[in-house]
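Note that subunit A is present in both complexes that follow, paired respectively with subunit B and with subunit C.
Showing the complex of A and B:
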């Protein structure tokens, strides 16, 4: 009975999304206040019903209701409770329900937290979000209903959650990523609503900007979390594989990053407006494309659960409707957008334009690399795959101009730099020299070889850090002493600094691991020793390691350096009861600021020896810390007082106008 | 030419040069990094209507079923070799050094990336079998239509 409540509330929520898509939009057209005002309660009701539906599914998981087919395929009575809950989004149907719930959350949030926005504009925005909700809710109801029953032959126990997904990282990774993906629907809705109304001013950019930033923060942290999970869970010691699924989350990120920069220009300077609209459409379209690629089963990966062609076809049709419809609207109405304001060649605008061009170029490269094998195969030219070096090589060349421009841009003024550029060039030359010196010094200290590719990466990272610090110094000492000036910098200014420094930290991590990582597969007997990157690894013994729903082995290693004992590392191999044929490697990781040691246990070989894989990964943590710093930067930007202040002021003006 | 046009022209030039460089770079990188996929029979007999055989030293991907009883391990190190097959009778030997994936079994479909050493021997740099026992990579499934996918034995060797 209870699962039917979930199903029913999903149906009602879908009906509400139809109302939300039609009613306020007509209201905005004929200027009917009642219809315009209906948007907010509809959005909130839709959110409540979606939450109920989701809660019911979670309840079915928590109570082991195996009469629900989806629960039976993705859970097991022995599964620990936290994984029962995360198993709700461990499969295709549930993760789509999460997608829809996320959309309902964003819609309700926009409805509640947008007091500063005129009601008519808000009604249009919520309507557009309602249209997206229709697509996804119908998709769930028609092709992938998570509440389908297995009655009357219900299984005694479930199939268990894929062991790869039984992990803390996977509890948070999908919801974060979805918040990001779906969050771009807000920027999309704002852009479409503005196109419909034919009004694109800097107020529009100001409304859209905090939402886009929050979505970007979620996406950034979601991707970073996924990368961290892949690193410690898959046992391959890598942090990014250019897997099509990873790429399909990276593409919206690139578009979103371009968008937050271009929105900043549109808000502050009133230029780039039509470009910003196009980016808003692209970011969300790429999120949909990502969903299509992952969910339709056209890709081969850990993430691909669905291989039902009807599902793929539905998402494809939806994708075409959204992309085609919005581009058509853009084509018809886009010419009305006029950007005022001029800027000279050497201005911050030009450099931000360069940033956008480079980000979109990177996006196109990833798009080609991801879709080309699919197209090639569909055209009957045989299966191909595009190797990882393709992406690595191109990104190496593209990051160089991006990082250089990124260092210079914050030092420039909007509109026009003063005539005499010599002092600026002098400062930049000093920064460049300092970066190169540091970039050579870093590998000289921690590694025995100096590799050019790594030095380039380090130099770019230091360049970004040094120029950012210089910019903070100049800005702070503009009118005050450094100490009092530095406290007066606004949050959005710190946001920019953190965003850029975060990227620099990532660059350090990437350059170090890609060039100085050491990897070895070994055949070892208990008692064997091996010296590896100055560390002595002693394979002490092998023991048993059993858990509530698995049994396994663990290999114990003693690690010492220069004759001094450092730590004990335990690498495990697990075999889950419900899915015996899928043994899992639980890698042992000894983490540190400058390096990670990583041991993965392979299979047992004939003579009691074990296959063992050891990695030495310098500075790898900087990659995820960089992601974290970038996300904090994004949060700071959202919390900038400008948005709160403006909202209050507008709200006040509005309430005065009504009286 | 007035300064405004001059500025626009220089921006346009920069973008065109940039895009040109990028296209060149992408095409070059693609040429270097596209790997064709073969099944064992395609490798032995040639691919497509023209029966194009890969050259020795060429990088490629291969997918097929691990033939039961052919997995031989070196007792000293982690070198291992096995034979891949499909329903059309092609047999290709793979040599690999390192740890095989958790899901590697006899009778299982796998995909490998490697370099062709001689007519039907491949030196693999990567062996993939990422999925559960019901899963077969679509490329393999397509190429081996008809052959019954053997479920792996759950014996003591997995413990």
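Showing the complex of A and C:
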């Protein structure tokens, strides 16, 4: 009986999304206040019903209701409770329900937290979000209903969750990514609503900006978390695999990053509007494309398990309707986008535009790299595989102009730099020399070889850090002394600095690990020693290590450097009783600021020796710390005073003042 | 600088040249529709034929215990000597269950199949073989997915087509059923000889 409640509330939620898509929109057209005002309660009701539906499914998992087919295929009575709950979105149907719930959350949030926005504009925005909800809810109801029953032949126990997916990472990772993916639907809805109304002013950019930033923060931290878990859990010592599923989260991120910059320019300067609209559409379209790629089985990858042409066809039709429709709207109504304001070559606008173009170029590379194997095959040109070297190579060349322009842009003024550019060039030249010196010094200190590719990466990172510091110094000392000036810088200013420094940190981490990472597969007996990256690894012993709910082996290594004892590392391999017996490699990671040592215990070989993988990963933590710093930057930008809609008038005055 | 302003004009103003601008704005739509066309065709392609970087390469070194007799250890020599299928399966995989019956039939027809029990529990796997019959000449037990990792296994079921020299010639992702076996897989197996 209870699962039917979930099914029923999903149906009602779908009906409400139809109402939400139609009613307020007509209201906005004929200017009917009652119909316009209906948007908010409809959005909230839809959210409540979706939550109920999702809660019912979670309840079915928690109580082992195997009469529900989806529960029976994805869960099992022996599964620990946290995996039962995460199993809710472990399969196709449930993850779509989570997608839909996330959309309902964003819709309700926009409805509730948008007091400063005129009701008519808000009604249009919510209507557009309602249209998206229709598509997804119908998709679930028609092709992927998680509440389908197995009655009357219900199984005694479930099939269990795929052990590959039984990981703590799976509890948080997908919801975070979905919050990011679906969050771009808000920017999308704002852009479409503005196109419909033919009103694209700075106010539109200001309303859209905080929502886009929050979505971007979710996506950034979701991707960074995913990468960290891959490193931590998989035992391969890698952090990014250019897997199609990873790519499909990276593409909306690239578009979203371009979008938050473009929105800033549109809000402050009133230019780039056409570009901003297109990016708003792209960011969400790429989220939908990502969903399509993962869910349709068009591309086979590690993460995609479901593959069913009927489902794929539905998503594709939906994708064409949403993306095609909005691009058509853009083409037709785009002429009404009026950008005022001019700018010269040496202006912040030009450099921001340049970076946006580069980000989009990077996006196209990922898109082509992901889809080309497919296209190639369809054209009958045989199969090709585009792998890691392709992406790494192209990204290396693309990051160079991107990082250079990124360092310069904040130093330039809006509109036009003063006539005499010489002081600026002088400053930039000093920054460039300093960056190169530091970039050569860094590998000279921590590594034995200086590799040119790494030096380029480090130089770009230091360039960004130094120019950012210079910029902070110049702004702070503009009117005040440095100390009092620094405290007066706004939060959105610090947001920019953190965003850029975060990227620089990632560059350091990536350049160091890609070029100086050392890995070795060894066959070791207890007592063996191996020298590796200046460290002496002594395989002291291995013993059984049984816990209360698992049995396993634990290998103990003594690490020393230059004859001095450094640390003890314990790599384990466990098989859990309760948790479906999948042996888990508990890699030993000795983490540090400048390097990680990473030991993964393999299998026992014939003569009591063990297969052991050792990695030396210099500066790898900087990659995730960089992601964290970027996310914090995004949060700071959202918390900027300008976006507290209650103080709308103050905000307006302030944003004018900033121009 | 004025030259640059001129260059940028089509991006930021919209009075004359409307038609040309409309064409410009239609570009994203056209690109998208082309992409969709490929996605549409891709949808009906047999997605189970998967490229693997391991194709054309010999089976990697490994040391795995036998599923049935835990003391017995196998290495790569069991995967050489004759054309064979290496079937990756697990009891947690519903598709493997569906596939199993047909594997029994193939084994009866004389197809040499080696099984690799992947990330699984020995007792469950043994019960499975007892209940459903054992099509495998040899059963490797890979509880950690170590060999699976080396072979680039994405999930289960997957089947590798290995020739008598121990070189992987083909990899099939998903279940083997009468349709795809008689469609193309049988021919690939015949070619191994």
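Quick notes on this structure:
Note that the second predicted complex is superposed on the first by the 605 of 659 C-alpha atoms of A that agree within 3 Å, B and C clash if a C-alpha of one lies under 4 Å from a C-alpha of the other, contacts with A are read in each partner's own complex, and residues count from 1 in each chain.
Assume a residue touches a chain if its C-beta (ideal position, glycine included) is under 8 Å from a C-beta of that chain, and two chains touch if they have at least 3 such contacts.
Model, not experiment: these values are computed from the prediction.
Among subunit B and subunit C, the chain that touches a larger number of residues in subunit A is C. By the touch criterion defined above, A:603 lies against subunit B and subunit C together after alignment on the C-alpha atoms of chain A.
Contact with neither subunit B nor subunit C is seen for A:421 once the two complexes are overlaid on the shared chain.
Applying the stated contact rule after C-alpha superposition, one finds that A:337 touches subunit C and leaves subunit B untouched. Contacts of A:292 after superposition on the shared chain: subunit C is touched, whereas subunit B is not. In the overlay built on the shared chain, the residue A:437 is in contact with neither subunit B nor subunit C. Of the two partner chains placed by the overlay, neither subunit B nor subunit C lies in contact with A:112.
By the touch criterion defined above, A:316 reaches subunit C but does not reach subunit B.
Once the two complexes are overlaid on the shared chain, A:357 sits against subunit B while remaining clear of subunit C.
When both complexes are overlaid on chain A, the residue A:522 reaches subunit B alone and has no touch with subunit C.
Residues 162, 300-302, 342, 344-345, 350, 383, 385, 387, 575, 580-583, 585, 602-603, 605-606, 611 of subunit A are contacted both by subunit B in one complex and by subunit C in the other.
Only residues 162, 235, 300-302, 342, 344-345, 350, 353, 357, 361, 365, 368, 372, 382-390, 393-394, 397-398, 401, 521-523, 551, 553, 575, 579-585, 600, 602-603, 605-607, 611-613 of subunit A touch subunit B when the two sit together in their complex. Those residues of subunit B lying in contact with subunit A across their complex are 4, 7, 10-11, 15, 18-19, 22, 25-26, 29-30, 32-37, 47-48, 59, 61, 73, 75-78, 97-100, 102-103, 105, 113, 130-133, 137-139, 151-152, 154, 158-159. Listing the residues of subunit C that touch subunit A in their complex gives 1, 4-5, 11-14, 18, 21-22, 25-26, 28-29, 32-33, 35-36, 38-45, 47-48, 50-51, 53, 63-64, 73, 92-94, 119-121, 143-144, 146, 149, 154-155, 173.
On the subunit A side of its complex with subunit C, the touching residues are 73, 159-164, 236, 271-272, 274-275, 278, 281-282, 285, 292, 296-302, 305, 307, 309, 312-313, 316, 319-320, 323-324, 327-328, 330-332, 334-339, 342, 344-345, 350, 371, 373-375, 377-378, 383, 385, 387, 573, 575, 580-583, 585, 602-603, 605-606, 611.
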